[in-house]
């Protein structure tokens, strides 16, 4: 049940029944030598659609551009500044709140989004928190990173050990390969070097991680691993959504 | 050549060869009784991908949420406020300008985007126009509405006459039906009434156009018409892009 | 009935009788070799005052600085960034809405204002469109370009043919000459060259249009033409205002 | 030498000779029983033009809408929020700085503008103050209230004593009567009551000052007083401008 | 009664009894050869706490960073842009308004704050002034500069004559020496030179006032003077607060 | 070495030697029945000063107001909206960057700050990341929560077990009691109830946590525990700072 593929009358009926929406959010940024620039958005959207199907929940349009300032030294990366993301997510949420949606279940595919998305939630909540009249509609927002689900972590640990890494990971590249087998790239790459500290801005990240991998060996990625990871994510996120839906 | 399906190295090579990107931009909003909420984004993206293929141009991620405040009285509609769109488009454009892109060819699927997108271009240009040092990278942005192309207008006029309308048109619904035949809706609807004046805000629009159609008979839509319109759009936009690319 | 020349008690009585205001909006920007920098504001204001007189409508203070980033490579041009214009027009409109004005009839003298002004209207409407409580006062805004009125276009076509152009036009310079005969400039200028494409930022505009004319021959301007154009504008805009006033 | 009545070539020559501009700034707000809503803008503009003539300085377009939130409980008053004024003045100043203007001499007609205008200057200066590269063009801005000039204060004290007041003053109404003798209003009004404290927002101001006068007796105004005050303002401001121009 | 040292239950009881808060506001900026960078914040906070004690009023957390763009050419100075200060003060005030506070008594220690703080008040008031529904909670804000109190000015005039100056004054340095005797600096400095005009941005200020003093001789400062000035400030501000509290 | 207690010449010398600053950041918000509203700021500042002393690092003024929208249903709580915090932290950082500071070591005392502070860092970095000219000064920012340090967690676990909780914790109240023994409150409170889900806005938090404690038993707090926790924090943060300083 994807909102873009519904009519307004169907949306109205669905929200009346279940005032909840899943929002996939990813990023458009470099993913190392063999990862696709759209990895984070493609993965988040696919997982979200599957979770929506499994739980009969409505899925909103994917937020395909995230907070990726740190990847801007690599071609193709696009960022929203955090202040832009706050405005964007606020408009998204308040628009659907206008139609009666009260719960927003974000499925996130990109670590760089966690903080600004959380900041956006606080900016949204502050409207009600600062309002003494009690007239502002109140909403509830949560974010879940598909790659951080317990089952996903467990599978990745078993499959890749400490070579999964933290960006352009073997796990996320596997998932994209499973979803888009026609877009698999075969690229030779040397063993990744471990960085001794965390990056700051884009130039800094590239100087520490010259080919875009952060501690990862995405050459280990396979579509089969991707399929397993996809199912693991679905297995954890579906009950999480149902629990969120059932909250009073 | 869709940016989300490229690696950063491929993006780098492509931009060096052709510092131009196509940006599809649509909207997420009601489209009458049988039109999909995602119509404008789905159509713009599909046309953009086809134009990109025909012209070997890179296609950036779709801007799926546009300026749709006037549709907010119908469920499922999502809007960016114009000020948010200006910030969003600025971040999109300046991110890719960082990588060397100098020409942005927006393919638009939604009339409500025209003014705020044009305002965003002016905001972007103003950075260079106000700069006395000449250090700001200069870009060039154009927008083309796929539904406004001469061949598209001609076909729609012949196929639907004055029953094409100006929102939830027979033409745009046809194109979506062609692209997503599994999502075709059959809905009975009475002949549309003509409005005597232009709408302002969301409540006003709904009071003038109670089922979301604006002067249109989308019951005339067929996938075959959609296919013809798609080809018409492609036929006009591909040379337009080539002319833009060739500008000094 | 110009608001700046009224007392607050007169304003109160007038708005109670007719909750409508005319807002002249122009620009402060180069207008070629013999056009005045204030052309767009001076013309819009004069036309607005005449329309106000003819229709007994209140005229607000002129917005003399518009969106003119593209003219900044010529001395004396001043721009508002679109985001500033949105804030400015919002404050203007919400201030008068506070006093009961519900209809805003903008008379515009500058093409560069059309998009950002329309974006400002949407930003204003969005406040009501996003509001579920129905407590936000709702207003209606329209813009009419005086130079685009049917009678004006007809006269200009007959008087200047295709030498009217699109900036620093013979028509707008004529109107200023009619209004301010003491400020007429006699400047020799060569025939204007046609540009092969549309400009983007200020440097680009100047490189395409080195003396500031865009396809126009303002040497054809005369005060007599200006008088005729003024009357043509008045003839079309007065009934347009009355129709707007009569809308439910 | 008013910028709106110059061509761009004349502006260029003038700025090369004298990189200074006078900016008149007023307000559009209630001025008591017999004062005009445009008083502050009309007065500031007239004084600025006269100072410009006396000193051969260029005069920019008047800023007719100022910070007047406190007058919004009286019909016809329009305000810019301070944040909007900061953006507006920044755009005005940076636009002319682009053309080489380095000194801005604001002639102000409204007390409510003093703080936000000063804040705008600081926002503008901060761009250079925070910039380590030294590439930001540096400008100098001053504001002078015409009604605060020593000669003006002296004349008003002699003519009106303590009945001049602090808003809708006898002095400012006199000046408008001198400038616009056709717009003189004769209104009976009781002696004004002194308020015991300073107002805050609009509702508060109206509760303290029910007809809009703040400690003033504008019934004392005459065009002859206005003429004398005008000359007094001119006598003080012209040398002030010359001193500013001569600063290194 | 300092808010940071209270519990929420104590705050609730206090605000119910007295819906007023004292807000100390200062700056973090250079204060000449022997003045501390924290001078303005340290002084304002100490005075505010003493006034709070004397009047049994609640004292909020100090705003230690103010508007100091003009001092940025001296190491250690930190500024808020005026637009940031407006947002910051708005959040501070609206947060406490949520809890019932209706009167805000700012005790200011820095001249550069006066205008942007006043602008912030207007921005806050504008929310109510523009609101036709009467639902916005209305607050009242005043600012008092401790150094500008009549008794303080009198003492400083007697103690330092015209050598008190206008920045890094003998008076403010004395007060800090009284409050923090362990932080007294002994620095030789030549007699200060008088500047012939007012500074603008940071580079300009430093070129006019190379060691950071503006017309002052802070070598005259002593803790004993500081103690006397502290008592003078307290003597004037305590009745001012009581009068504000008693306003209807 | 606290910046507020230094002169500008001392700041200049220090930054030349060590271009690093410690920034304490806390919050002003309810801390349960016996915790002080200033807890988070008081603790962060004290720890920061101690770390500064131990490492000979400069300590900037405390950011005493943080992101606390979720506590606004309890009296005395003050929040910055995340967008305000981004502007505030940006001004703080860019001001000191102007003086040569390149490394910012934030010591944080409040969980609600983590996301918006991280968003602020990204907004700051984005200025450099989006800049193709390489002229923007590049800085490095890190945040460390004093309460999250390994030694702190170990001590709290041993002292309080799972009764430390996540807000108004026994640990943070202990630290404040150690620092401000005169402000210790004795309040009887029932055993805290565990909440079944995470709060969203302020009303929601209060409905789940009616006295402001979140899973904590701050009645267990003692000054002695506070002293031990303080030393634990110092023991971990000092080497962390030195490592950060030594990064290339």
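Letters A, B, C, D, E and F name the chains as they come in the text, with residue numbers starting at 1 for each one.
The definition used in the following text is that contacts are C-beta pairs under 8 Å (C-beta built on N, C-alpha and C of every residue); 3 or more make two chains touch, one makes a residue touch a chain.
Here the structure is a predicted model, which means the values were calculated and not measured.
Enquirer: Moving step by step between touching chains, how few steps can get you from subunit B to subunit D?
Expert: When the steps are counted carefully, the minimum from subunit B to subunit D is 1.
Enquirer: With respect to inter-chain C-beta contacts, which pair, A-B or C-E, contains the greater number?
Expert: When the contacts at A-B and C-E are counted, A-B has more.
Enquirer: Please report how many Å separate the Cα centroid of subunit E from that of subunit F, as a whole number.
Expert: That pair's centroid distance is 25 Å.
Enquirer: Just curious, how far off is subunit C from subunit B if you go by their C-alpha centres, in Å?
Expert: 28
Enquirer: Could you put a whole-Å number on the gap between the CA centroids of subunit D and subunit F?
Expert: 46
Enquirer: Multi-chain contacts only, two chains or more: what residues does subunit E have there?
Expert: Residue numbers touching two or more other chains: 72, 79, 81, 83, 95, 98, 129-130, 135.
Enquirer: Which pairs of chains touch each other?
Expert: Here the touching pairs of chains are A-B, A-C, A-E, A-F, B-C, B-D, B-F, C-D, C-E, D-E, D-F, E-F.
Enquirer: Using the touch definition from the top, list the residues of subunit E that touch subunit F in their complex.
Expert: Per the touch definition, subunit E meets subunit F at residues 2-9, 11-12, 15, 28, 30-38, 41-42, 60-62, 64-65, 72, 74-81, 83-84, 87-88, 90-92, 95-96, 98-100, 180, 183, 185, 187, 212.
Enquirer: Write out the stretch or stretches of subunit B touching subunit F in their complex.
Expert: That would be residues 94-95, 97-98, 135, 137 of subunit B.
Enquirer: What residues of subunit A sit close enough to touch subunit F in their complex?
Expert: Residues 67, 69-70, 72-73, 79, 81-83, 86, 112, 114-116, 118-123, 125-126, 128-130, 138-142, 197-198, 200-204, 247.
Enquirer: Would you pull the subunit E residues touching subunit C in the complex into a rising list?
Expert: Residues 129-133, 135 of subunit E touch subunit C in their complex.
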